[in-house]
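Each of the next two complexes has chain A plus one other chain: chain B in the first, chain C in the second.
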Partner chain A sequence: MPIAWRGTELRLLLPLLVLVPLGFALTHVVQTGVLDPGPLGLAIAYVAAILAAHLALVLLGHRGDQLLLPLAGTIGGVGLVMLNRLPQSLTGMSIFGADIGMAGTQFAWFVVGLVAMVGIAVFFRDDGALRHYKYTWAAAGAALLAITFLFGAEVNGARLWLHFGPIGFQPGEAIKIVLVVFIAGYLAENRALLAGAHRQIGPVKIPPLPYLLPMLAIFAIVMGIVVISRDLGTALLFYGIFLTMLFVATGRRSYVLVGLLLFLAGAFVAYKLFGHVAIRVDNWINPWADPTDAGYQTVQALYAFGRGGLFGEGLGQGLPLIGGHLPIPAIQTDFIFTAIAEELGLVGAFALLALMAALVFRGLRVAILARDDFSSLLAVGLTTSIGLQTLIIVAGNAKLIPLTGITFPFVSYGGSSLLASFVVLGLLLSISHRSAVDAEHDAGRA
Partner chain B sequence: MTGNIRRLAGYLILSFAIVTGGLAWWQVVDAQQLATRADNPQVIAAHRSALRGSIFDAQGHLLASTTVSDNLAHRTYTDPAFTHVIGYASLRYGTTGLERAYDDLLTGQADPNPLRGLLDDILARQPEPKDLSLTIDQRLQDFAAAQLKGVVGAVVAIDPATGAILASTSTPTFDPTAISGDPATAAEPMAQIQANPDKPLIDRVRQGVYTPGSIMKVFTAASALDAGAITPDTTFPDQPKQETSGFKLQGFTITEHDLGSIKPALWDLSPALQVSSNIFFAHVGLELGADRFLEYARRFGFCAPLAIGSNGRALPVSVSRPTRAADDGGCTPFSDQVELASAAFGQAQVNVTPMQMALVAATIANGGIVPDPYVVSAIRAHAADPSKGPSGRVLEAATPGAGQRAVSAETAQQVRSAMVDAVSGPIGRIYAGSGAVTLYGVSGVETAGKTGTAQRSGALAPHSWFIGFAPAQAGATPSIALAVIVEGGGAGSGKAAPIGGKVMAEWLKLQAAG
Partner chain C sequence: MTAEALRIIILVAQFAFVGILYLLLFAFARSLLRDLRIAERTQEAARHGIGRLTVLESPEDEPPVGRSIALGPINSMGRNVNSTIFVEDDFASATHAMLTFRGRSWFIEDQGSTNGTHVNGHRIDRPVALSYGDEITIGRVRMRLER
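Right, the complex of A and B next:
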């Protein structure tokens, strides 16, 4: 394996050397009032871990996209600065009896994620295992879902945790990737049929029944998630990924439209039938109807946005404690974006979203350059999972849609989410590596 | 498929733009509105840490002040005798008393000078809290509270000429400091206060509504004299016989209270008031008639809410009524002659506040004019160090109201003379003599007064009442009029009259000392 110099990646990673330690130092100065950078170990370790991942890709001759890691690393860096700035007692783990705090725990997961990313990017070069065993993957995903329903722990009314000893794990994150693999495999195989032959029923063209069934199954699974695990955010995300991939595979807006109408109809039924859905929706329509209880989180988040304003209150200077507590529950996970928008303002929030949009565009570029339909659809699905997840949680924070408890990729505290995001990144790197190698091969032959 | 992916990129960028637009709405467009909402935790926190004006007594002694530490305002009240007048400003339980009535000034949200208030708004100046000075003298207030020690009751004293409240205290009281600080620690002391069966939260001066008993005869006498229904010399021929046999009226027999050693005789106003003859005043009430009784009641302030203070900043006083409450909050007509005759000596459906009865006494003392009561003498600039006394900068000084004439000066003089006899006349000494200020170290001064023993249903001990004023000798201008009630205190002469005498004597001594 020849060494592949990744100069663009290295140059784009250089700002991180300043960004993350400066963020740590700024919050330390503001919070303690002492002109002293404070402990920077975690910041330096983070940058070092990203650079180590870069170095591993270089040494292992990786030819994949050079913007993905810098973008994800910067987004993750902003997140780590924010998690380090929040009270460390919010959550966190201890390793061998030593309490490493919230930011320390998140850093540990970054390391795990980066290792997974490099491993997948470098060693996962044959996608046959994904492509050929798509139904096996789908079955595994469904089984995981079933296990979660049966044995999962309930948090805040949603059943989405599995516990293995001390480590909690959210199967939804793994199922998300498995779902993308399955849909990509299925659509790559059947996309011509789905896009072409139709039976016309009135104004609606529908594909032949046997090809329709797997998609209806996906719809049923999504609705099952809403009903059984009460996890609205994941259901919306899964369904959005599915519709997006269907659109890309067939180019038919009518599928998306019908799919959205079906989802809205399903959501309306859920609103009428299930109390927890109704609460979410009512609370979205008017959180001030019950600002101290049901609408509390939303209302407090909106106040935080308002405090932030255009330029923000400054790192470490926002998020006032009310009665000794941060007023926004789940600030480190569901509402981390709100915290960033308060302290960095609309400008900072926009910058973070722009970085995320750039990452999404880069992922779509990987999809366009991919050499075959499966790889392309896989890249689309994986990229969409990151992009849609960001849009859903930010829109939920900002009361554009009902609030759902999902994470902001690379930013929110949480090991499962972080690991899944890096697995996505690894798969995208792997796909783009193969495209690059094949392109060179073609060029060499010509 | 490449085209589809490009289109997807377009949709995604549109979605990111919409989401950013949503953020811009909250962070820029709606930010100001969010920042000022009342349920915004920062607004609440600002309220929690807001400075509040201090309150001083007539002599400049500090009664209430606020210090801010750890972003939490701590309100300290120095004297529980003032609790019911000042009230409390609790972060948990809201405001009562003067803290409520003057909240806008104490917090600085308003300014007595509207022009300066407008200027504050225009210049976005930080509102400056205002301080209050009271008409109450802490020395008299504490003295009155000490007389009520161990009993449930109230004392309220007024300067008859101006309506300035000189003392107003209600027992049992409580220290509002504990419920005014940290909301987290306020619940327990509040629960204790609320658990007290004697209801310390009630200001008995303003909110206590009682049967008046014989002190009502002062009102009946004044009204009947002023209306021409009687003269000071009017007698009722059947009265001596009825003192023992009872006064049969519409099938009901009105009986006299136990006269003890006193032999019934044909009494006119003065002896009748000294003896406190129910039979005599039943006749007076009937002579006056139901319509005129109610008309005079309204002149004295009955049948409508009273207020201590004016200009929208006032302590509300419960309605006193000689009859049942009407649907509109006023008084119903008398249902029959028996009710009218009984009301004339303060029984049946008569229900009054100590504040109202103090005003009745003050009206007689003030030549027939009901004074407008007030308790805040001045609104002052905020004193930076309240322990050093109030600021010399008076923003607004109270001017006494003109009052409302209830009866003529001549009538008032006739009643005053009878009330002096009721305290120090040959028979009056038995019933109200202990209300005389001369008993408590003041010489050369006469007292006017009347006791009341308000019968209650069942075996409950009667309420002990006294109303009076001093100095009351001919030519003197009374400087204090008061009402005293001791709940379940028995005869008026036993509990209430001595307290009234002592408080009036104390005030005369304080005035003499300067």
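Right, the complex of A and C next:
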């Protein structure tokens, strides 16, 4: 097979060589008031790591989509610039006793993620292991969920973390991918049955009960996450992914309708029964009822959006300290989009969202070009997970929906999230590689 | 270096940063648009089909005279029952010819048949590009390529 040079990918990656170092230098100049770019090692290392991933794909003869890596690299680059601009003492790890700061830690996770992505994209050429053992994967996911419920560490009232020595890990991110694999396998197998059978009740076509059961099972799992681990964002994300995949597989609006009604009913019951849900909703409806405590985060985020305006306060010039602290708690994870919107303004925030939209568009293209139902549904689910996650956190930041703690893919600080996003990217690359090779094979035979 | 000059440099760098983001976005958008156009063309082709073969003459009546067969991009023709276009005729070979759509035109290639493949009455000895309206003869079966 001749070498594919992946020229489009390289061409789209080159601007990063300017973008990320420029962001770092700009931050340094603003923070010190001296015209000196400051240390650019981390920025250059970041771009070098992405170019190395590109080179690895070329050398290993990968023929997958050429826009996915540049899009993720650009989105991640903006995120790294922002994390580098925030005070490094917020969080971070030390490696061999050396404190590498928040941006340094994020970079280390970028490297881990890129290695995982290339590994999956190149060596994961047969999806049989995912397709045939879908119930095993589902069981593994359920077990992981149960272990987290039982032994997980509690942070902010939600039980989401498992600790292995010094490294904390959020199983939710891994479960997300396992869930998509399982649903894709289930739907690919039962697609015809689900799309065909129905019972007519009045004007609505209702699928018969046996086919409604998996839907109810997923609904129960989601409610379980809400009640036991109190992780509303993840619950919303899982349910959204499930409904989207179900609709794509069957093309039946009734499933979506029934799903949304179930969701509304569940949400209402959760609001009435559980305090932690009620607090989120009340804060969303009126954060000014308690602006210094419960509504503090939301109110400060809205002020930040306002300060940013159309063109932003400028990198490193926004986010005024309140009592020696940054104005918004969790700014490096849940509220990173607010920080970007304040400093880069509407134009910068819009660019970031448009890049994300392009990534989703590209992911759906991989799904359309896939040769079999399983790969196609897998690509849809993985793409939806990235896109929906972005929507949920951005809408939460902007008080469009109740705030739920969830990360902005490729941008928020956090190893589990970053690694999961790159695994998704690797799987999409591997699916698109297979369709490209098959298409070449067809052309060769003709 | 005055504070004023520094302020201007920062402002310019700030806009350059967002500017590069938009430059990248523009480049991505162009690639995505190209995709959409290709998809549109493929959809157009799928709606109209890329072509059909109408049977003009068929002594054994398999395929029956008058039938119009919708073509995919790759069509094998011959007496082998697994052929895309199954031709039941004593003068046709098992794997007789291959009819393919590549790029924007049709090609026919003889697959080493005993009695040869004829286009508009002439026997072909290498792959030949076809136009709509050309007549193909496999054994005693005569067919016309149509849009």
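One rule holds for everything that comes next: the second predicted complex is superposed on the first by the 438 of 446 C-alpha atoms of A that agree within 3 Å, B and C clash if a C-alpha of one lies under 4 Å from a C-alpha of the other, contacts with A are read in each partner's own complex, and residues count from 1 in each chain.
Throughout what follows, a residue touches a chain if its C-beta (ideal position, glycine included) is under 8 Å from a C-beta of that chain, and two chains touch if they have at least 3 such contacts.
A quick note: this is a predicted structure, and the numbers were derived from the prediction, not measured.
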### Query
Put the two structures on top of each other at chain A: do chain B and chain C fit, or clash?
fit
### Query
What is the C-alpha-centre angle with chain A at the apex and chain B, chain C at the ends, nearest 10 degrees?
140
### Message
Between chain B and chain C, whom does A:Leu71 touch in the aligned arrangement: first, second, both, or neither?
### Response
second
### Task
Scan A:Ala142 for contacts with chain B and chain C and give back first, second, both or neither.
neither
### Message
Just checking: does A:Ala351 make contact with chain B only, chain C only, both, or neither of them? Give me first, second, both or neither.
### Response
second
### Task
Kindly classify A:Arg362 by the partners it touches after superposition: chain B alone (first), chain C alone (second), both, or neither?
second
### Query
In the superposed arrangement, which partner chain does A:Val111 touch: chain B (first), chain C (second), both, or neither?
neither
### Query
Which holds for A:Leu40: it touches chain B only (first), chain C only (second), both, or neither?
neither
### Lowest C-alpha to C-alpha distance for chain C against chain B (Å)
11
### Message
Can you give me the overlap between the chain B contact set and the chain C contact set on chain A?
### Response
345, 361, 368
### Query
Which residues of chain A touch chain B in their complex?
244, 247-249, 251, 288, 291-292, 299-300, 302-303, 305-310, 320, 322-323, 327, 341, 345-346, 349-350, 353, 356-357, 360-361, 364, 367-368, 373, 376-377, 380, 384, 387, 391, 394-395, 398-400
### Message
Taking the touch rule as given, give the residues of chain A at its contact with chain C in the complex, in rising order.
### Response
8, 11-12, 15, 18-19, 22-23, 25-26, 29-30, 33, 35, 67, 70-71, 74, 78, 312, 314-315, 344-345, 347-348, 351-352, 354-355, 358, 361-362, 365, 368, 442-443, 445-446
### Query
So in the complex, which bits of chain B are touching chain A?
1-6, 8-9, 12-13, 15-16, 18-20, 22-28, 30-35, 37, 39-42, 44-45, 184
### Query
Which part of chain C faces chain A closely enough to touch in the complex?
1, 6, 9-11, 13-14, 16-18, 20-25, 27-29, 31-32, 35, 39, 73-74, 100, 102
